[in-house]
Each structure stands twice: as structure tokens, then as C-alpha cells.
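Here it is, the structure in full.
Note that the chains take the letters A, B, C, D and E in the order they are written out, and that residue 1 is the start of every chain.
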């Protein structure tokens, strides 16, 4: 250091400290003890930060380096930078010590905060000083979640020649993407691009695929995690089953299909969808008469099976193994549209969520891809009237698509779900393509067509005759046989009430129901919105505080397929790096204040 | 040649094919063709049971040729090849007829579409008779990697590989690492320090013994092929350094749009109209001032300059909205008495934490004004009596009013565009560019970092605008591919390539110059040419050109194509006039 | 076979007769031929009538060397007759092999040919309005001359051919090879091209070959050529690369580009198309206009590419309306 | 029965075939008269193929490659362009109508344009009438 | 002609309660939710937009804020907590200050202290005045008749003067309101006869407050719904005003009850009492959106009203019971509240009692004028139909 530093530390107290999570006063005391620190100031009202007053302060005290510490001190930095400039100092010497960025809030938050401040005082990026030591790594990897992110990550690693355990909660891999009809903006068929990958996973010698399985427990350290996985039995011998469908035909139980999000039924013994991987039938114990009656009733499938592949006596199995890295790719749930009463989802039969529409318009869906409205049909078995999709049903004459359902709303999910605009445009295209006579209206707030080719897609959809209406519609009500949708067309300065036959709700994405359990089990953080936290927003978007545990895809935050795939591959890079180099970085939160402080000091000299 | 036993499989593709093409009719007609042992249809040939059907037929009926009439071979050729392999026959005994993308999806008339499907499939049957068993061959993989561009993407890729213990050459044109992020102070939406981020990356790169950083250097030539590239890099002294690398990651980034191209925005004419990068510089210096040296009272930010425009770039530059929100915050925070207006089209606050940042910005009383795409704002100088320097005219969309916004300083959020040298780089490393000049990935969804040239990857904003987290993810994705290849130690070259029949070659040397990959080598002693298979990409330019017919394009032989031509042209009686 | 003399016939179809002369080019070998064989038909040299041939038994002839293309009904009739009587039918010379120079007539219509030959030809009487008709009624009855076909055929378009001896004309050594092979009973597989190489002319050509880039085409007389360098590289069209060798590089050695009389390479279906492909491949330009300009240096490419092989090509003739 | 032209399309794998696939995935409707043969690059298209198609009765031959500058194999399309220039001259000498053989640049993103090219070409050839080559050659034989 | 946006206006509006309007990102939900929003008058979003942009002229000439009855549905459904209802409320406050040419209103809204000071000052002045008069002309032990402490003729005359002052201010304000809405805003030509044709709207809306009833989409109590309570309060007030202005001497006479006026007065009192209690309760409990944000001005209004009602009732009872001195003292207190309350009226939110029906009247005229202008064509096209 050429000139002697005179450092001023400004710590922002935002009330969170008061609850005892971070003790700002202790940090201030600590900062005072750091070399060359001239003064430490606590402040709590950022609105009152006046650069000119600060400049006076700097000038008087002769400060030539400023450290601003706090939750997100970057917010105050411009004021300090200006103050430094006004005081005639070097604005580059204004440094920030961000508690949020560097994961303060975990174990020993005050110590971590101190370390962050120390690094900023020494002028060393925290990431350089806080490097955990390396530990040996087990080359096997656990991937939790078999959606496109999990598939991609598993394939990348397995293709390099290393063992991957892929654990999927449902009976097939594929995740949400397998349910989609088309993908924006190229409109290629989702199944067409995903199924080869699914098949590749199913056939890969390095991938051990566990469907109907649940990670029960994870213990150990980075590089050597002991994993317990509970494999639920499907009660069908995969090797013997030839997928002849005789069992499903025989099964008398009919329940809503998960894959068709309830718009079609499946049997209690079923295959999730025709291209499922593994392509094996499953008995859903909760709905199977035989299982529920403990073998006293039914058993029709067992009798029909020519290959004796059905074994009701198989038990769930707990398997244990060790892995070096864990990739969390658990994806998302969609927003429950029932929570937004004004759209009458669940009340009006032809108000559909996006996933329901995906299945409806999908050639493998209940209507063979025809877009029709639901009509009332008598269910002969239960003698009740049900609203059902049927190929013969009339086609809608007008379809409304409402964006941002549950997203960008303080009352529900405040964040943007990132994909809805584009998939809604895709719906618009599908409606216009399949029903050229039908009118299609998109009610949106901001059209977020930000990716490669998206904006062009938006233009194309408009050219195809989809009406885009800026303004989120307020309500959907019954209107004779049809529905009435009321909204404001902001650009054309008018209120519009339109009779429509089908309303599609572009429901947002939200963290899965078991994300919390998973986070606790793995010891990783979640942000306020429920998504898993990344280690650093910019440069470590896929790592977590715990070494060897990574997040990929939507479980980290909403994203589209290309971004998910890129992230999944990025995680694979992290994993491969550790395997190829034979060691993995341990957990950052095992570092002590002293470790970081000393390292920062040595780097500063 | 062994007798041909052909199996024909026609896919319904759900209803994608079957709703237009009468699949059963095609099956029936094909079943009668010479050499066809079995013809079947199935709902989804690509599904496991569909593939299993083929496998079983091969095993049970002794098929030695398979024709699948389904979707585009670009989609499922690998799938069915794999099935053939599983059944124990050479995967190249497969031919696909594309009766979906080129038939059922583009035609409505069931009769004509069925006829076309039949003809296409029968042509495939004729062709498949001439198929030959082909084997893949491997070449060694050089574990070193060349990374072009020392921005965030290049650094992330280099660090990932370097930390894994692999040699990396990081080549940067400028005299410093960091690229465009090096000009940035804080990053949206959490206002983390971009400088700290870069310092960390650059320090780690410089300290890593496996990473050779070459600044003020550029790639001048790239020869060789995947796993075995020879790169010639010109360094700062003008010396040429030869590097042997196995992979190349292109991270050449972007450049900002030249705002002076849009006359109505008066950039370069009115002194206080500046670009976002100029403002970034002011913020870093702590001096947000007009050219006259005054502290501005009114600051306006104009979004989508050069982006989402019909005249300039139709695409969205993806990061400017958040950057603008960041500036709004920064200006307000540095000059608490200022009023910030933000003139936008749609607010693209789509990332994690971004909507929240947008909300914060509204709460800080940034005035958001929306203009219509295609009707950009106009800037004019204010009169002497006005309390501001300029006015921005906008047809405001949310109020429907034509308004004028007072401004002392106007910041143009310039979009991203490909660098001037992107065409040259594309040629050097042999990758394609889209109509805007961005590099094209091999598949936008499933392979966003690979290119059509094996061993050459793209990452970051050189393929399309993106923010730092997405850039870093892409850079690491490229590193993952490379690490996987390095872990295997060898590369399997495609079985499809050109080969010279030396008994027919007269050494006329017409072919040598034609090969873009210099894969056709002339042996001066033998006076014959031959093809280096690992370098050959099977384009067939030499094959078509060889006047002696001495070069054979494996899997695309003259015979095969002739058979296909004959197949697609059955002689109708009604055709003769 | 030694006890029985070889029975041979030579016929001159639509051609210049050069092939017949070429037989004589074998010099003293012709004496061996005479010793080895009975020449049963050779209109140019030996007296023999078609009637005699008609009276032969099928397969009585061991070998027929048919030169010239098939242009009229007489050519066809004799070709069929000789085929019937011969054990081995050889298409002798470029015309029989591929149509040859007469085949270029396929670029024109019969009427145009007649007009040129009988009406507009400066060497004939200017008022001549007569063109040949197959049948002419005269007082004594009907006169008949062979019908002039609409176009020229190569021999194997009319009758099955066993072997091909290419060349315009075939080199003497080829003739020897054929005859000796027949005599010796060491016949190559049917359908073979006999007496030629499997490689192109370039293989034998001693000129030095480099990678090719041509930005202007020249006729041989337009530049002073370098005799050590490949003609094509100098911009002189040479069919050598697309033509079977075996001729001894006769033309290129004299400074002319190979004319392609030996026909296409074994794997090639259309010699002209291949030459087209090769020639256009070496053009050094990416600008369509520039390319046009360069190509303008080739005044009549079709006659060059199909100089000897138009009837044997894919399209066989012109389809000008 | 109305004359329906039959067009053989030689498409390069990377741009034009993908473009044709895109026409499919975007459900662009175009006349069914084209039958596509995939080659890796337009430079693979040997003039022989075109002659073969014409002599086998194709009413039209379409050659499609990437736009100049976009070739997956760097400059394959330029090679095709040069060959096409000379082939055009040759075909003219052989009396084949101009519109029967056509070279078009169709990129992977031009699904719609691909459809338009096909529609346009089909219409032009429909006006031109059937390709007489094969018929004439048969007639030649019969007349002889 | 382009209008200049004014980023500073929002700062001013904050004093009137528009703190949250800045959060709005214009999803349009509020306008579509609002039952009163129609083809011509689309609100509250557009008004909020003008507010955000500081389009002062647009705002002061706009009628929409008066068409809102603050049922709170928009605020409940607002995804950002931008409080559209409160924004409209604050706009009404601001408009009152704009209509008031004296500038007093603006000062009141900007400073509750100032208003309070004013109220206290007036009350004290009134108190002193009344005491001075009372002691000068009568006996504190006499409430009614000759020698009464505050004889009804005096109060009556005072009332009339007060009313005249009040109506002078109000009249000026109403004129300004008319000028802003009907003239300054421009846009459509309004034939004079429309003023006559649509005049019925004024009493209709004044006495029924029909539009308030339309707001009730979610009724929690069948009796204590805001509309009914509000109507009761308003009618009670009007009846009381009429009684005081015209039948004051009969009101004050006693101690026997003169049912011809007192019956009405009791009814009015009940309405006033229930309304006041309901509102005070609402503002304390803050269950309903519209009562969640109270300004000082609102409280002053309620407290004064409370005092007036309670003292009114109390002095009435005392008078009837013969406790005339206490009745007189209470009466003075009562009047001390009444005077500032009445004088304050043209400058505070309370004036909406008149502005609202006027706004409905003007709105009716404008709508009709628009119809005329478009010659019977529907006022707005539903949406561009598919081509």
C-alpha cells in the first residue's frame, strides 16, 4: 500500500439486526479494531443520506477509503461515491460489504458479517478470501428431480463416464416439459426434443434411474454425502412387463391423471404417458381397490396379466449410497388459480390453467389435440354430471388468455414468473392455428419477450391475428352459456367486456410444496419467495453455501428451457470439475472469521 | 451383397401424422415393395415400445435394413440408429422418411399427403438397399482449451477448466481482462459490486498456473478439428504462437449499439444526451454532471435504444431494463433532489429479484413513462426560459397523452449488438451467425452452448444478449462439455465422411482446394489425394466435384441418392401429356 | 480355338471412318489378324454383302467390331443383324461407345440438320429444295433409302454390347488387346471397357498439378501456355480429369486440352456433368456477376462437355422446342 | 386430370432442410408437389443428380442451400452457386426451360419462405407444363 | 400539443394522501374491477396515471374522482398495494383544494395542526361571542323565550349570516368546479339545454346517493352497510340543517316537545349518531379498506360532528328536563363546534356532499353530449374485431 489508508466504515442497520440476527453494534466494535479504520458510523435512515454532508465528513476526517456494510449496501453506494468525489477522494475506494451477497444469515451470521466487513476493509473481494479447503470427492452424483434440468445434468455427467443417481418423485422422468405441446419460440414439439433425452437417460449405463423415489435423508460432508432414498414400489415387475395395457383395461378404478393435470382420467394401474421412461406400469396404491382392501377385493389386473408381472406383495425399499455431489433440480409447482377468486377457476368449467391447456392442445391429450370446450356429461358409474372434454364438443369461438395469474402480485407471488408471457403467446398461436375462426385475446401487463427470437415471436403472433390487450383483466363471470371477461384496454383507453368460451389462466410458477423439507434436509437456504438461494447472484448462480450441493433449473428461480438447460450443464461443469480434479471445495460456512480475516490480510499485503 | 430384408415402420406420431396421412394405406402399399419383409405402423415409433417393435422384428425376422417413416431425421435419426444398434445390426442400415414436417404438417389434402408419404417412404426403401455398414472411429482428445475473449464468460469458462486442472489459453484482444462488465460499477438487481466480481475472477485466472492469459492477442488461424485443433495466436509483440488445443470456447461478447444512428434521439448532437455506458462512467467517478458541469435536476432514461425496433434490431437486449432501473436508483441516490423519468416500452424485469427491484424503483418515485414500440421518443432543446435543458417528446401509452418530459441529462439505454469482428471470428472458428450477426447455437433449447462445429462452443452475449448469471451459466455449460470430453480422453468421429478410392483417383487435385477443413490431403509421392476422416465434416463438396467419381460420400453415395431420386419419381400414366 | 480361325466382322456405322483406318494403324499386326481371323464383313476393306451376313447362323461370328453411332435405320438394322450373328459385340471407338462427335447432332433437330446439310450448305446447288426421304415414288416404283432418325444413338442403346473400346479413334494397342483377348479366351467381365485405364487421363499426364483456382478461361491459342503445368490451372479447358486414361495423353501433350474421347470414369454416369462440376468448382469467385464473366470465357460448354458423349449422357439430346 | 408438377428438392441439411422442417413445425401450408432429398450441403449436389432427376421425369428441380455467408461448411453454397451458373448455361443449350431448375437460399429460420418458394415454383412449372424429357426419349425410341 | 409532465406534483399530492400511487404499474385491474367505471369514465387507473405524471390540468379538470365512492374493491385487488381507492380519495381532497380559490383548503390539507388551530380559534371566538352576547342580552338561566341566554331569533339570524358566508364560499367553489370540469377540460361541445335536461340528476343523486349503493358488492351487514349509514348521516344532516335554518325557533321552543319538528329532528339525530359512531368505529378498527387511511382532517370532521351531535342531544334533553343553565352551557359548546364546522365545510372533504351530486350531474351532461357528438354511435367500440 502506497499511502496510508484512513478508512471510514458505515454500517446500515435496517431493523433486522434488532431481532438479534445480526448484531450491528458488535460488528461496529469489531470494525473499529481493524487496522487503519478511522471511524465507524451506524446509520439507519438511508433516505436522509446526503452526499454533500457525507463529503464534508470525509473531507474533515481525511478519509480515503469508505466501506459501506449492510444487507445490500450497494443501494447506498452511489451517494457515497458522489460524496467521495465531492471530497476530492478516489471514488474507486468506496467499497461495499454486502451481507446478502455473501450469505450472511446462516450459522454465525454476525461472524460472517464481520468477515465480510474485514474483506472490504482490506480491499479484497470476499470470494477471494473466503475459499474453503478442498476435500476428496466421491465421483458419484445424486440428481434430485427428473425434469429437463435433472435430465440434462445427469446426461452431461454420465456422458463423461461417471455414475449418476437420478431420483424422481413420480413414475416417469420428463417433468413439466414432457407435458407441453410446443415450446416457444421455435414451436418445436416439446416431446420430440425431450423424449430422445429421456430415452438416453433410461438407457444410459452410467445413470441409475430411480422413479417413484424420495430422498429421505442426506448426511455427511461435501464430497461424501450419505444418501437414503426410499423407493416406493410400483408393484409391477418392470422386466416382465411388456406394456400391453391389458391390466389398465381390466382395472375398474378411474382417477384423474396427474400427467393430464386432471383433465383426463387414468386407471389405478397405469403408465404415466406413452413415452414414459421407464416405460413401466405402476399401481397407485392409494387408489387401488386391491391394495386398499388388503387383497380382499378386485385384483383384476393381476388376473389379466399374461406375464405375471404384477406383484402386490412387493415392498417399498430403502436404499443407501454415497455420492460426492448433489444436484437439486426439483422444478416448480404452478400457482393455485383457485386463490384468485375473481377468475372463478374451479367454478366455471371452461376456465383453464396453462398446464390444463397444454394437455388439451397436446396430440396425446384427451381430445387428441383438439381445442374444445368442456360440456356436461352424465357419468354413468357415479350417476353424477361432470364437466368433461370430449373430441365431439364444440370449439370455442373466443378464447381469452390472462397473463400474470398469481405473479407480480403482492398478495400472491410478487415476482415475475418469466415464462408466462411467452407461453401465453404460444397459446395464442395454437388457438389461432387450430381454430382460425376463433378470436383470441391476450390480457397482459408488460410483454416480457426478452430471449433470443422472443420479440420476433411476439410480432409474429400479433400478425397471426391474436389480439393483445394491455391490461390485466379483472374478472371472469358466467354469461349465459359463455363467460364474460371484463378488463381495461389501456392502450385504447377503454373498458372492454367480451363474451368468451374459454379462459386460459397463465398461472405463475412457485416453489414446490416440499422445497422447505428439502432445504432443511440438505441444509441450504431459500429466498423469501421460496426458491432455493444461490451462493452468489452473479457468478455462482448454481452453487449453494454447502459445497457439493448445487441447484439447477426453476427450483432456483423461474426460467425458460434454454436457461434451464444452460444452468443444468453449468452445474454439471461444477461437478465434473470436482471429479476431474479429484477434490471438491468444502462448505463456505465452515470457515471461521479468523480464517477469512487472515487470508484477506495476506492477500492485501 | 446379402439379400435385403427391409422392415418399414410408419409412425402415427399421435395424430400428427395420422390425422392427414392414411398411415395404414402407406403401410399396405410399402409392404408390397420388393425386399420389404415387414411393414408396420405405431402410435409413437420413437417411444420405447415403438423402438422395441423394431428391435424385435430385427431379431425375429432377420431384418437387415430398416426404414422409419416419421418425423424429421434431424429429430429422431439418433434414436432409431440406437435401436438398430441395440438389435445388433449396424445403425447405418436405417433410413428415415420425413412424413411429418414435410408432409402431414404442411399439407391438408389427405389423399395427396398419403400419396406423398408413400412416395417418400418408398424412396427411402429404395435408398436403404444401398446402405452400407459404417463404423465410428476415434481420435485422441487434446485436453487444452482455447478461450476467446476475456470477459465474464471467458473468465468463467477458463476458471472452471483451469480449476479442474486443465490447460487453458485465454486470449483477449484488449489490454485488460473483464470485457464489458469491466465498465460497470454495480449489478442489478441487488447492486452487488461488479468490480469485486471481476477482481476475483481476474485474480484467480492470473494465479491459476493452468490458465495462460494472453492479452492484446488474437486468434489468426484455427486449423484441425475437434480434439486436435491447431490455433495460431498473435500476441502483443506480434509474434505468432502455435497452440494445440482440443476445444475452443468463443466468448467474444457484444458491443453497444451506436446511438447516433437514431437521429431523433440527438445523440452526438445535444451534448447532454449520453449513453448508458457513459453514465456508468460518471457514476463510477461519482460525478453525474451535465456537460456544463451542473448537477442535473431532471434526468431521463430512454429504454430500447436500438433494440425492439423495426429499423435497427428487432430483438430485446435483455439487460437494459434492469440496468435502467439501476441507474434510476443510482441517480436518485447520488442526487437526492433529482427527478428521474424512465421512458420504456415494456418493463422486462423478469429475473430473480428483478420485480422487487422494479417495485423499489417505483417507490423511489421514478416516473415511468411508456412509449409505443416503433414510435421512439424525440428529443429537442429547451428554450431559455425553461428550467431544464431538453424536452423529450413521447406519445405516452398508459395515459394516451402526448407529453414532454423535462430533462437536463438524457441517458440512452443502448442495446447490444454483435461485435464488428463477429463475422471474422465466425469464419476463423467456422461457426454460423444468425441474421443479426449473433452466433448460432446447435440447438436453442437442448444445446445452447454447442455449435455446429464440433469442439467449438459459444457462451455469453456473443450468441444473444444476456445478463451476468446467464452468461456465467452458459460459460460453465461449455466447460462441462469440454470436461466431459477430456474425461473420456478421446473423440469419436462421425461415421459419415468422405473417402477417396485411390484406385480411381488420378491426382488431378480439383478436390484439394475445395475442402473448407483441409481434410483432403494430396500425397505427392503417390500422386493421389486422400481424406483425413477426423477432419471431414461430410459436406460432400469434394464428392460432387471429383470428375473421376473417385470420392465417395459415405452414407450419401451417388447410388443412394440416385435410388432416392428414382424413388420419389414414380412414373404416372397421367403425367405424359 | 486354335484349330478354327476367328470369324470377325467390322462395321462402320455413323462415324467418320477413322476407326476403320485405326485398324490399319496396327500396321503389320493386321497381317497377324489376317492370319488369325477370317474377316467376314468389313465394308471399307473387304468385299462382303449384308446378305451374306443374313445367311450366317446365329453366333457364327466370333467378334464384331462396330464403329460409329446409330444414326439411321441402316445402322440399326446392321447392328441388330451383327448382334444376332456375333458371339461378341464390341462397341469400337467413341461413336459406338457413346455416340461420339456425330452425337453432337443431338443438339439439333433433324430438320435443322437437313436444312444445314441439304438446303443452306454453300457447297450445294443453291436452288436445291430436296432433302432425303426414306421412300420416294418414281415411275418404276418406290425407291427406298435408310430412314434418318430423329437423333443419334450410341450402339448399346440399340443392341446389347459386350465390350467397349473407347477412343477417337482407339489406339492401335487397344485393338491388339481386344483381338488377343478374344483369341486367348481371356475375356474380361462383360460390359467392360477394354484397353483403357481405370484412372483418368491426369494420371498419365506429366504436367505438374497444384490446387486449382481459375479466374479466367482461355482457348489454347489465346495464351502462351506452360507445358509443365496442368492445363486446367492455366485456364485451358481440359477434360482429362473426367476422362478415362489409356490414350497416352495424346491431346494434352500437344498443348490441347483433353477432349474426352475415352469417356467417363467407371463410377461416373454423366461425363459432361462431372466435367461441369469440376470446372465450376475451380472458379475463383463468390460474386455471381464475376462468375458469369468467368464462365463467358467458355463459349460452348455443352459441346465441350459432351463432345463425345451426348447420346450417352443423362439427357441424351437437346429438347429445344 | 390436372397437371400436378413433381419437383425434386435437394436441400442442404443445415439450413434448408431445417427450414423445411420449420415450415412443418410452424404448419406453413405449401403445395405437396415437392419431394425432398436431403444432402449434407448444397455443395454435395452433383449436377448429375439434377440431370438424373430431369431425365427421370421430374418437372422441376429445386436446389436449396444456406444463404451466402451462412454455410455450415463455410463456403459450400458458393460452390453450389458456381456449379449452378454453369449448369444453367448447359441446360439452356440442351433446351431445358429456365424455370425447371432453380437455386434458392433458404435459411433454417425461413420456414415461411420455403413454403413460398415451393408455391411459386409449383405455379411457374404448372404454367410451363410437364417436363417432356422422359416422354420424348420414349417417343424417340418408338419412332425410331 | 404535448403537455409537460411534472414530476414534482406527486410530492404535493402526498400531503393529500397519495403516498402509494407511485407503486402502480398499470395492470388495469382497478378500472376493470370498479363497478362505476364505464366506457366514458374509466377510472381509477387513468386518474392515477395523471397523478403519477403530474398532469395538473388533466387532474383538476377531471370528474372521475367524484364518481368514486371508495368501496375499496380496487385497493383490495391491487397487486401492488398502490391503493387506487385512497389515491382517488386523495385526489378528491386535492380537487377540493383546487376548487377553493382562497387557498385555505390547501393549507388545511397540508397541515392538520393549522386546521386544528383554525377550528379552535373559531370555536373560541364563537364561544366568546356567544357568551358576550348571552350575558349582554339575556340570562344564563333562561333557555327559551324572553330573556333567553341565546334567543332563537338571534341564533337564527346568526345562522343565516353563517350560511350566507358558507354558501358564498361554496358557491365560488362550485363555480370553479363547473368551470374546470365543463369548460377548461374541453373535449366536447355541450349545448346549454343539456343542463336543463339533465338537471333531475342533481336532486336524485343528492337524496338517494344511489351510486354509493352500487358499490356494495360484498355486503357484510344488511343494516350497517356503508351506503345506508352514509345516506342516514347525510339525510340527517340535511334535515337538521333545514330545521335549524327555517324552524329554529320551533326547535328551540319548549320544554314540551313539538312533534312536528322534533320528530324529524330525532330521526335526523339517529341518522347522525349512527353514522358518526359507525365511522369512528370504522376508522379505529380499520377493517374496511376505505377506513384504513385517515387524515387529521377526517378526524377533525368526525370529532366535531360527534361533539355537535352529543351536545345537541344533551342540551335538548337538559332543556326538556328544565336544566336550562346546563342546556345553555351545552348549547354554547354545541355552537362552538357548529360554527367552525360550518365555516370549515367549503374547505374540507365535507364539501363532497355537494360536489358528488354535482359531479353526477356534470357527468350525465358530458355523457349525453358525447352521444350527441357521435350521433348516436356507441360511445366506444368494444374492441377491434378479428380481421
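Definition applied: contacts are C-beta pairs under 8 Å (C-beta built on N, C-alpha and C of every residue); 3 or more make two chains touch, one makes a residue touch a chain.
Computed from a predicted structure; not experimentally measured.
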item: Lowest number of touching-chain links that must be crossed from subunit D to subunit E; value: 2
item: Chain located farthest away, centre of subunit D as origin (C-alpha); value: E
item: Between A-E and B-E, the pair joined by more C-beta contacts; value: A-E
item: Chain occupying the middle, per Cα centroid; value: B
item: Furthest chain, CA centroid comparison against subunit A; value: C
item: Separation of mean Cα positions, subunit C and subunit B [Å, integer]; value: 54
item: Mean-CA-position distance for subunit B and subunit A (Å); value: 25
item: Interchain centroid distance [CA atoms averaged], subunit A/subunit D, Å; value: 47
item: Residue list for subunit B, restricted to those that touch at least two other chains; value: 347, 359, 398, 400, 514, 541, 544-545, 558, 562
item: Subunit E: positions in contact with at least two other chains; value: 25-26, 46, 80
item: Of all residues in subunit D, the ones touching two or more other chains; value: 25, 27, 46-48, 52, 75, 79, 83, 132
item: Every chain pair in contact, whichever chains are involved; value: A-B, A-D, A-E, B-C, B-D, B-E, C-D
item: Of subunit B, residues touching subunit D in the complex; value: 72-74, 98, 100-103, 105-109, 112-113, 115-116, 119-120, 123, 423, 427, 430, 432-435, 452, 496, 514, 516-517, 537-541, 543-545, 553, 556, 558, 561-562, 564-566, 568-569, 571, 574-577
item: Residue ranges of subunit E in contact with subunit A within the complex; value: 25-33, 37-39, 42, 45-46, 77, 79-81, 380-387
item: Sites on subunit A touched by subunit B in the complex; value: 49-51, 72, 74-79, 81-86, 91-92, 94-96, 98, 100-101, 125-128, 152, 156-157, 159-162, 183, 186, 188-189, 192-193, 195-197, 199, 202-203, 243, 274-275, 277-279, 363-364, 368-369, 408, 414-416, 418, 446-456, 459, 470, 490-491, 493, 527, 531, 534, 536-542, 556-558, 561-563, 565-574, 576-581
item: Residues of subunit D defined as touching subunit B within the complex; value: 1, 3, 6, 8, 13-14, 17-18, 20-21, 23-25, 27-30, 32, 35-41, 43-49, 52-53, 56-58, 66, 69-76, 79, 83, 107, 109, 115, 129-130, 132, 134-135
item: Of subunit E, residues touching subunit B in the complex; value: 1-5, 7-8, 10-11, 22-26, 46, 49-50, 52-55, 58, 80
